[in-house]
Amino acid sequence: MARRYDSSTTTFSPEGRLHQVEYAIEAINNAGTCVGILAKDGIVMASERRITSGLLAPAKVSEKTYQLCKHAACNVAGLTADANILIDQARLRAGRYQYQYQEPIPVEQLVEYVCNYKQFYTQRGGLRPFGVAFLFAGYDEHHGFQLYQSDPSGNYSGWKATVIGANNQAGKSLLKTEYKTGEEAEESIPDLQEALKLAVKVLNKTMDGTTSAAAAEKMELYTMSMEDGECAHNILNKVEAQKVIDAVEAESASAGDS
Amino acid sequence: MARRYDSSTTTFSPEGRLHQVEYAIEAINNAGTCVGILAKDGIVMASERRITSGLLAPAKVSEKTYQLCKHAACNVAGLTADANILIDQARLRAGRYQYQYQEPIPVEQLVEYVCNYKQFYTQRGGLRPFGVAFLFAGYDEHHGFQLYQSDPSGNYSGWKATVIGANNQAGKSLLKTEYKTGEEAEESIPDLQEALKLAVKVLNKTMDGTTSAAAAEKMELYTMSMEDGECAHNILNKVEAQKVIDAVEAESASAGDS
Amino acid sequence: MARRYDSSTTTFSPEGRLHQVEYAIEAINNAGTCVGILAKDGIVMASERRITSGLLAPAKVSEKTYQLCKHAACNVAGLTADANILIDQARLRAGRYQYQYQEPIPVEQLVEYVCNYKQFYTQRGGLRPFGVAFLFAGYDEHHGFQLYQSDPSGNYSGWKATVIGANNQAGKSLLKTEYKTGEEAEESIPDLQEALKLAVKVLNKTMDGTTSAAAAEKMELYTMSMEDGECAHNILNKVEAQKVIDAVEAESASAGDS
Amino acid sequence: MARRYDSSTTTFSPEGRLHQVEYAIEAINNAGTCVGILAKDGIVMASERRITSGLLAPAKVSEKTYQLCKHAACNVAGLTADANILIDQARLRAGRYQYQYQEPIPVEQLVEYVCNYKQFYTQRGGLRPFGVAFLFAGYDEHHGFQLYQSDPSGNYSGWKATVIGANNQAGKSLLKTEYKTGEEAEESIPDLQEALKLAVKVLNKTMDGTTSAAAAEKMELYTMSMEDGECAHNILNKVEAQKVIDAVEAESASAGDS
Amino acid sequence: MARRYDSSTTTFSPEGRLHQVEYAIEAINNAGTCVGILAKDGIVMASERRITSGLLAPAKVSEKTYQLCKHAACNVAGLTADANILIDQARLRAGRYQYQYQEPIPVEQLVEYVCNYKQFYTQRGGLRPFGVAFLFAGYDEHHGFQLYQSDPSGNYSGWKATVIGANNQAGKSLLKTEYKTGEEAEESIPDLQEALKLAVKVLNKTMDGTTSAAAAEKMELYTMSMEDGECAHNILNKVEAQKVIDAVEAESASAGDS
Amino acid sequence: MARRYDSSTTTFSPEGRLHQVEYAIEAINNAGTCVGILAKDGIVMASERRITSGLLAPAKVSEKTYQLCKHAACNVAGLTADANILIDQARLRAGRYQYQYQEPIPVEQLVEYVCNYKQFYTQRGGLRPFGVAFLFAGYDEHHGFQLYQSDPSGNYSGWKATVIGANNQAGKSLLKTEYKTGEEAEESIPDLQEALKLAVKVLNKTMDGTTSAAAAEKMELYTMSMEDGECAHNILNKVEAQKVIDAVEAESASAGDS
Amino acid sequence: MARRYDSSTTTFSPEGRLHQVEYAIEAINNAGTCVGILAKDGIVMASERRITSGLLAPAKVSEKTYQLCKHAACNVAGLTADANILIDQARLRAGRYQYQYQEPIPVEQLVEYVCNYKQFYTQRGGLRPFGVAFLFAGYDEHHGFQLYQSDPSGNYSGWKATVIGANNQAGKSLLKTEYKTGEEAEESIPDLQEALKLAVKVLNKTMDGTTSAAAAEKMELYTMSMEDGECAHNILNKVEAQKVIDAVEAESASAGDS
């Protein structure tokens, strides 16, 4: 019977659920996976490139990673057309804040702005929710490196390491095992290189049937770090990416040996 | 037959009920529990932290408690994305009042503003009610410490001690037994420490299957008190929280003994 | 078949009825009872307090009685959240009139303003009627003390004594017996004390299963009178209220004796 | 099948009918009857008072008759809340005309304004027709005394004598017999006293089961006449009304005798 | 199946028809008949008066004929309330044109303005077509006397002689026989007197069961002619009308004789 | 099943079709035929006059041909009321262009403006497409004489010769045979006289059951040509038209002979 | 069951799909094919001309290729009327950018602008998606020659070679075989002449049953190249096009030989 409540955004079902939002989340669970990992000295985001036709032009800047301002970037899972609208909003907001206050927008404030924008589309008739989830990576002086995840409902939360998109449950359970958490683990937080390898491991698990030989084309690896007091955005090129992938393979092979 | 009236906010059912509002309340009854207790020398709010993955980044400020202005804060049960919108409205309203009249907004006036905002969303087509309930804690010179509770319909009421969210009925009946009320009880109103312990007891009851060892992570304890004529907001850290939890356990063990 | 016409405010049923308005009235018939009685020297309004948990904070000003301006007040039956909107409108209107014409707004004009506001919500699509009925008590120099009743349709009427809310039929028939009307009765109109007792009698009848011992907490008694040329609003405190209730009980006991 | 077209104001049924307007007219056919009669020296309007509880406060001015400006008044059958909106519009219009042109608005122009306002509500989606019919009585120098009737569709027509509300067919057929029309009848047009008696006769017929003894309370009798070049509005008080009623009874008794 | 397309103005049926417009036309086919005839020296419009109760006040100006400006008038078939709105628009338009260009508006331009206004109501959701058809009679220096007919769709067309309203087919076929057309007929176009008689003949045919004795009350006869370079509007009084009717009867009697 | 998608303009059917637009085109396929032919020295447009009652007033200017500006005109098939709106828009646009740039608007730009206006009505809810197709004839210095055809979807295309309205398929296939195309045919393009005869032939074919004797009344023949550097619009009068028709008949008779 | 979600743009189906967007894409899959190929020294776009009646006037500029600004052009598959709106928007945007910044708009920015415009129509009620797909060819100094493809959802992507419209899958698989990609292929990228021949080959495959003799009329071949530092747009005339087609035929014949 609950089906009666699912065709309109603006109504609750008798169990207090918003079906349209849940369906939009479903759209994302079919999209390419994105992994985000907070490292000691930066943030790693890795994402699956689904369409890998040789006829595709190489992306001018990047394919799945969008820089929002000097100190923030995001990865996208879901409908790209919807994401473009939100990314434009985020860039505008960050630019205006910088202009108005002459200092960079705090990362969480930028994330919340985008999420409030999303929430608006879940509460009014004649609109559908945005079919897109984000990983936000950012740095500010208040809280250092930060990693956020948001979904179509407008909810967001801060994470040390997380996965969105297809097979995110499998990815998350791998992270739980491999990423050290808890108080005793403070000093064992991975550095960027370790985080990169961990991210590739997670993608290897969520992307089924991938022969590792082709992997460098199917993954986009991104790191954010501090260089000379500036936030440095770096998308690994094919050679760098392959090196990480090979290292992961070598490790798992030797692990398999032992 | 009444089902025909439940898909649209703006219509009454033949029995004079607004189903959409009731469904939104249902959404809250599945959300994490929040307890609020008025103490002699302040207010205690305690809330359940539902998602406790080790991968979650520690909240920058707090997770379930939002300061609205110098002299008011709130706890949230329900859809966080909806709550953000209302909290923004409340902060704006409090700031504007302070600016316009050069004095802090009376607490009830702030609560009523938020509730009128909610009511708007229950009376018009093309909108859904906000799926969120609040506990408001505040202090003003007219009425001292005050504790309010509001629901998606826009109703609010002042309480000495109350519970919202999952299992709130069980929590309320515990409060009825443990919180002294009535005229003869004026002097027996708990102080902040006693109120904290009572709040933990209530949460212990509403959160089923909790082993008390893990409890400090699963609860957020907040106190509001007056220090040097200023309203002091305090979220207990892990050690402080654990101390309260241990005290409660010790008491109940000795009570079980006797 | 008439059921087809009841889900939308803006349509008449074939018999010329507006079902949504009737359902909203239904909502009020389940709400706490309010009694209003015009006395020789003022007006009495008495209302049932439904929720009497000891955990409820005592109302800051009053619970069921709202002062609208210096010379008018109202009692509310129905959805409190809806009532708040209308009360805000009434207060604004009264204040603006006072400011514009430098004299208090005539009571009926204030009542009609609120009722026109209500009517608007019964004639347009995408809106639901306000689920609230009012008793208005007021004084002006044109017509002295006046008592009005309004319902969700926007209708209002002036009364000497009336009841709204649950069991209002039973209450009204008691009033018909006890309140003297007709020309010969002019001089037998009750004074405030007699009116208070009559109001308590009516509430005793409409609130079923009430043990009179607890009654002072369950009733809010209000009087409006003229003192020094000013309109005096008075909500009876617990002691005063209990005195009236005891007097009523004594009378009925002696009546039962005789 | 025609039922499919009746839930929306803005559509014609295949037979070219507007069902919503017809249902609104139905609402009026259940309302209290109003009679209007053009006399030689003025106009008589008489209306049934349906609710005659002794607890009702006597109307401040009148109950069923509303003065619109110095030279026009109206009687209302139907939803009072709807009527208030239209009466406010009419008063505004009359006042603005007077202010703008420094002369009273012609009666028909005032009537047409109200009717155009009504028509608007029959042609647009999201609105329902006004559930109210009017008798308009007015005087201007162009056409002297005039009597108009309007219905929810926005139609209006001028009459020498007419009836609206419950049992209007019965009332009209009595008028046809008793009110002299045609050219030969010019000089036999009734004066105000005769018209009053005729109006009471009609009400006696349309109000079933009325014992004439109680009639003065159940009827509101109004006359418009010219005094000293000014339009005089007069609502008969209880004694005056009873006198007319008694006269009618005496006549009909003697008629019964003969 | 086509029934599915008829409840909304804004959709075509699969056969390319607009049902709502056709139903509005149906409304007109039940309305009183109007005849328009272009004469050598003017225009005749004759219309049926449906409601002929003796209690109706005589129309102040006319009942079915509305003057739009100095040089144009119209007859109405259908919903009078709808017609009033369009007539107001036409008068406004004519007045503004006169004011702006200091010359009378060409007749066809005025007709097209009203028709475009009608068309608007056939193409948008939330509106219904105007349920009214017009005969427009007008004179301008460009094209002399002109007669137009318009329907609810916003179509209009110029005619030498035409009929709208009930039984218009019967009326039109009589006109085809009696009104001389074609090139050879230029000199046999009727003058105003002949046209009046022809119009009465047509009405006699379309109004079934009419005894000719009562006819003068049931018909409104209007002529437009040029007098001293001015456009003269003339509504025949009862005596003049009866004379025309008698002449028609005499002719038909003698025709019956021969 | 596809029927579910046809009642609303704004939705695609699963096969990617817009049913409302197709139904509007259906409306046009029942309308009077229009033929357009590009000649060496101008353009010919010929259209069927459907309603040929002798009672119709002769059109003041023309019946089916509308001049849009000095250098453009159009023929209309479909709902005349809809066409009037679009023609007004076209005239406004042409006038404003002339005023702004001090040169005539290029023909294709004018056509595209009208078509974009049409497209708007196919993409939004609460609107229906315009039920009208056009033949546009125009001349500008960039491309000389041009002939365009547009349909309710807002599509348009340039043609050497084309037919819209009833039986347009039959008409087009006749044109394919008779109108010389291809490179070798450049010099055999008809002049205006030949084009007129061809147009009449096409109309003869699409209008079934027409006796050629009456044809001059049933056809409107229009030519556009250049005279003294000005664009000359010419609607053939009855005598001229009959001459063309007779010539066609003579030819076809002699062709029948041979 | 999923069918329930397909009639409204603004709702997700339970699987997270937007049916209306998918149906709009369906509309494009029936439209004429367009091929775009990035060459070493320019871009080739080739499109099928579906309607090839000899009666069609030769397109003034081109039929399927629209120049957007000095350095960008597009090919269209789908509803031409919808495309016109978007092309107007693109031209406006390019012109305004040029005016504001005094330099040509980057190609991707122009494409994204059009795509955001499209996205808007997929997220709001009362609108339908644009039923049109584009190939964009452009040159800017940042990224040289660029080829983009967009669909009704507002998605776009850069390609080295791609096909839209009917049989695009067949076309793409031919491209995969014939167009050299990968790193080793950098130097084997085709020049404009080779790209033209490849484009014709693809069209030959997607257009079924085409006799190559008629092909020059059924294809529109476009090249963009740099000449004297300016972007040169060139649509091949009939002779040039036939030469390319003949060359392709010759090759495939000799290939068939070998």
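Order of writing sets the labels: A, B, C, D, E, F and G. Residues in every chain begin at 1.
As a convention for this text, contacts are C-beta pairs under 8 Å (C-beta built on N, C-alpha and C of every residue); 3 or more make two chains touch, one makes a residue touch a chain.
Note that the structure is a prediction, hence the values are computed from the model and not measured.
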State which chains count as neighbours of subunit A and simultaneously of subunit D.
none
Take the average of all CA coordinates in subunit A, do the same for subunit E, and state the distance between these two points in whole angstrom.
72
Separation of mean Cα positions, subunit G and subunit E [Å, integer]:
58
If I count partner chains per residue in subunit E, which residues reach a count of at least 2?
8-9, 125-126
How is the touch graph of the chains shaped: line, ring, star, complete or other?
ring
Traversal of the chain ring from subunit A via subunit G
A, G, F, E, D, C, B
Parts of subunit C lying in touch with subunit B, wherever the complex brings them together
3, 6-9, 19-20, 23-30, 51, 53-60, 79-82, 84-85, 88, 121, 125-131
Name, in rising order, each residue of subunit F that touches subunit G in their complex.
1, 4-5, 8-18, 38, 108, 112, 115-116, 118-119, 122-126, 142-143, 146-147, 153-155, 157-162, 172, 175-176, 179, 181-182
